[in-house]
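Below, chain A partners chain B and then partners chain C, in two separate complexes.
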Partner chain A sequence: MDVISCQGLTKNFGRIKAVSDLSFTIGQNVITGLIGPNGAGKTTLLKIIAGFTRPSSGKVTVFSENPFNSLKVSANMIFVDEHMKFPSSLSLAQIMSAAPAFYKNWDMGLAKELFAYFSLNPGQRHHHLSKGTKSTFNMIIGLASRCPLTIFDEPTAGMDAGVRKDFYRALLRDYLQKPRSMIFSSHLLNEAEDILEDILLLQAGQKRLHLPVTDLKEFAVALRGKKEVISELTAGQEIYHQKNIGKEHSYAVIRRDAADGLLKKSAAAGIEILPVAAEDLCVYLTTRNRGGIDHVFDRNQSF
Partner chain B sequence: MSLTETSLFEAVRNQYLYKLKSRLGLFVAMAGTQVLALLFSMGGVASYGRGSQYLHISVKYYSSDIVIWFTILWIFFIAAQITARDEQNIDFTFVSNRLSGNLSNAAFLVTAALIGGITAILSGFLLRVIIYFKGGIYLSSQNFIAAPDVVFTGMAVTILYLLLFGALGYFCGVLARLSPVFIVLLIGLFFFGGWFVPRSILPAQVIVFFRVESSLALLTLKVMITMVLLYACSFILSNRLEVR
Partner chain C sequence: MVLDMVGDKPVYIQIAEWLENEILGGDIKENEKVYSQYQLAEMFNINPATAARGINILAEQGILYKKRGLGMFLAANAMEKIQHKRRNYTLKKLVEKVVVEARRLGIDEEELLGIMRQAGKELDE
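Entry: the complex of A and B
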């Protein structure tokens, strides 16, 4: 059974399309990374999935139900982000003691231990917490609720490096103990790469890629060598990224399947074939300008 | 991981209890409002005096009317306040849909009306005790000792008015959530409505409809129907609001 299924999902804000004709499915017990640059539509998509907002057109089902106003979806889903709101009159301990009534799978033991590990103060109010501590507390709520669908929208905002590492570790350990579907959004793949199984790459509200991380790592290769040879080899192919190295050499990223046939040719022509890190590839695939930021400066210099 | 099932009743009950706990401060505010109103009542809510060369009589009426009015204002404002976006975002942190959030708010306001009504009427006894010990005046025994049926009727009527104004405040709050235009419109209607609408029709008659009703059963019926209508409109209007 698919946990989430979207068909032709579109969300407009005025004239701007935040999400545009998006179709994908997410199965059970998979950790999916929702990756994309700022403004790619990650949060908008997640809010539609959570039933907080309605799509302008298209169809979305979560646990085979329309999530908007669905109690079933709400009871089996938790949406963790930095804007999570709690009553300002309650202390962190009081909030934690209120949660089990809502979530039947709530694990109080885990919640208390994480609470102690990150040395949070049970008497403190949520709105007095620093940004990073707030994110830590929200993360504890998100993990301990043990919802079949757990959504983390940029959960590491404001966390320091140590806490962030612990968070990824906690997430993975908890997932292994109680497998469930998780979506994890971030503009960068970096540290999250190791815990993700699938990647859904968004660009300008559209799906760029949706595939397992292992496939993403194999998805592209880079060619490095003499400029003329490279442009000859890559003629007629989609180049994801290209940059010049010095005056005579250049570096180009292309699809691996396309490169396979070129392997022998390139070896003969003195071209190196290099792997491309998944994180870099995500950036290449979602930048609007192929030449990258260097291009802007190079163009300016030529005047 | 297997899915859990939650009924609407369960969700509303959980949200109601959560709200009761987190909004205890509103009842502290109510107590403060009532104490303030009690202070205002100390001088009597109405008085007249007459005198001749040798004799002067001053008659003062004491009642908890001001307390009741202040409690009505309190419930109106808290009802409008709990429709705020932040409050709805608090709902949606945990299990909720728009209907369950609304229903738990209505349940909370009914609780507030019960507590507000009972305390407002009981404050009348506190006022009696204070006046008694203040001394210096001759107390008419006629109403000093209240008959139980009068007290309970007073409580019932007060609670009914609180229910009504709670529902009205909630409805105004929802309108204000939908568009800021309504805020301007509502304030305008409140202060200047009388200029545009002739006194003989709507507003005056609405007040008469509820105020000049001597039968408790009929008043209950009127208030219940109006309350249900107001909440129904609020629920329908807010059922498509986007949150967070």
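Entry: the complex of A and C
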């Protein structure tokens, strides 16, 4: 059964299309990574799914309902981000003791153990926490609520490397204990990659890719070798990324299935075939200029 | 074992190879239950779907078989199947790479055999 389904989803802010004609479905108990550069529409999409805002057009259903003003969605979903607000008069300990009233699956044992593990101070107020500590506390709320749909928007903002690693580990272990649908957004795949099942890659409000992470890693290959040979081999194909190496060599990223027929030919022509890291591919797929940042400098060089 | 997350080899293939090594090492016996996708996910800190893909590779090759509702079990002759596959494919490929590198360095067959014997001795020590 699909937990989330979007059809032709569009959200305009004035003349700007934050989300544009987006269609996809997310199945039950899948961990999905929502990846895209700044301004790709990640947060807007998540807020529509959470029922915080209404789309300008198109259709969205969560647990088979329109999430906007839906009690069912509110009761079964948690949206964690750095702007999470809690009553300023409550201490962290009081927030936690109030949580079971809002989340019926709340796991107090887990919440308390995570709280102690990360050495949080029960008497502190939420709005006095540093950015990283706030993210850590919000993450505890997000995990311990054990909502059938758990959404994390940039959950690791401000966390140090150690806490980030612990967060991903905690997320996976808790998911293994109680499988549920999770989405979390990030600019980068980085450490999250291995615990994801699917990835939804956005660019300029549109879907670029939606597929299992294991497929993403095999989606593209890079060819490296003599410039003329590469341009001959890749003629007529979509090149995701290309750069020159010195004067005579170049490096080009193309789809693996397009490359399959070329593999034998390439090897014979002395072209190396290299895998492309999932994270690099995401960057290539969402960069407007396929020459990347080098292009800016190369154009401005007088020699 | 720690998985190589940045290398060329997909994680699910590393999982399949790790299971094969466990089988070759005699840690799992014929008709015994093997690790579940959830156990592997926890052990290697990966999504259980990725772990399942590794397990499925071995199931497709007849090294594991499924008992409905009970999980995956080690097939009879699994050890021979793995040895046969590794000998005719994995080892062959590795040797090819070694030979290519040796040629690039102008090392002749005699010298290469010497290097291999030496490596064997060092491993034995």
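FYI, the second predicted complex is superposed on the first by the 301 of 303 C-alpha atoms of A that agree within 3 Å, B and C clash if a C-alpha of one lies under 4 Å from a C-alpha of the other, contacts with A are read in each partner's own complex, and residues count from 1 in each chain.
Keep in mind that, in the parts below, a residue touches a chain if its C-beta (ideal position, glycine included) is under 8 Å from a C-beta of that chain, and two chains touch if they have at least 3 such contacts.
What you see is a predicted model; the values in this text were computed from it and never measured.
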Chain B and chain C placed together on chain A: clash or fit? fit
Worksheet item: What is the contact status of A:176 with respect to chain B (first) and chain C (second): first, second, both, or neither?
Response: second
Kindly classify A:84 by the partners it touches after superposition: chain B alone (first), chain C alone (second), both, or neither? first
Please indicate which partner A:128 is in contact with in the superposed arrangement: first for chain B, second for chain C, both, or neither.
neither
Next item on the list: With the two complexes superposed on chain A, say which partner A:214 touches: chain B (first), chain C (second), both, or neither.
Entry: second
Between chain B and chain C, the one with more contact residues on chain A is chain B
With both complexes overlaid on chain A, does A:72 touch chain B (first), chain C (second), both or neither?
first
>> Once chain A of both complexes is superposed, is A:59 in touch with chain B (first), chain C (second), both, or neither?
In response: neither
Practice prompt. Please indicate which partner A:51 is in contact with in the superposed arrangement: first for chain B, second for chain C, both, or neither.
Written response: first
Geometry row: CA centre of chain A as apex, chain B and chain C as ends, angle in degrees (steps of 10) is 140
Overlay on A puts the nearest Cα atoms of chain B and chain C apart, in Å, by 16
Note: in the complex, chain C contacts chain A through residues 3, 5-6, 8, 10-12, 38, 41-42, 45-50, 53
In the complex, chain A touches chain C at residues 30-31, 168-169, 172-173, 176, 193-197, 212-214, 217-218, 274-275, 277
The chain A residues in contact with chain B across the complex are 29, 47, 51-54, 63, 69-72, 74-76, 79, 83-87, 89-90, 94, 98-99, 101-105, 146, 148, 178-180
Chain A partner, complex, touching residues on chain B are 1-8, 11, 14, 17-18, 21-25, 86, 89-90, 92-100, 239-240, 242-244
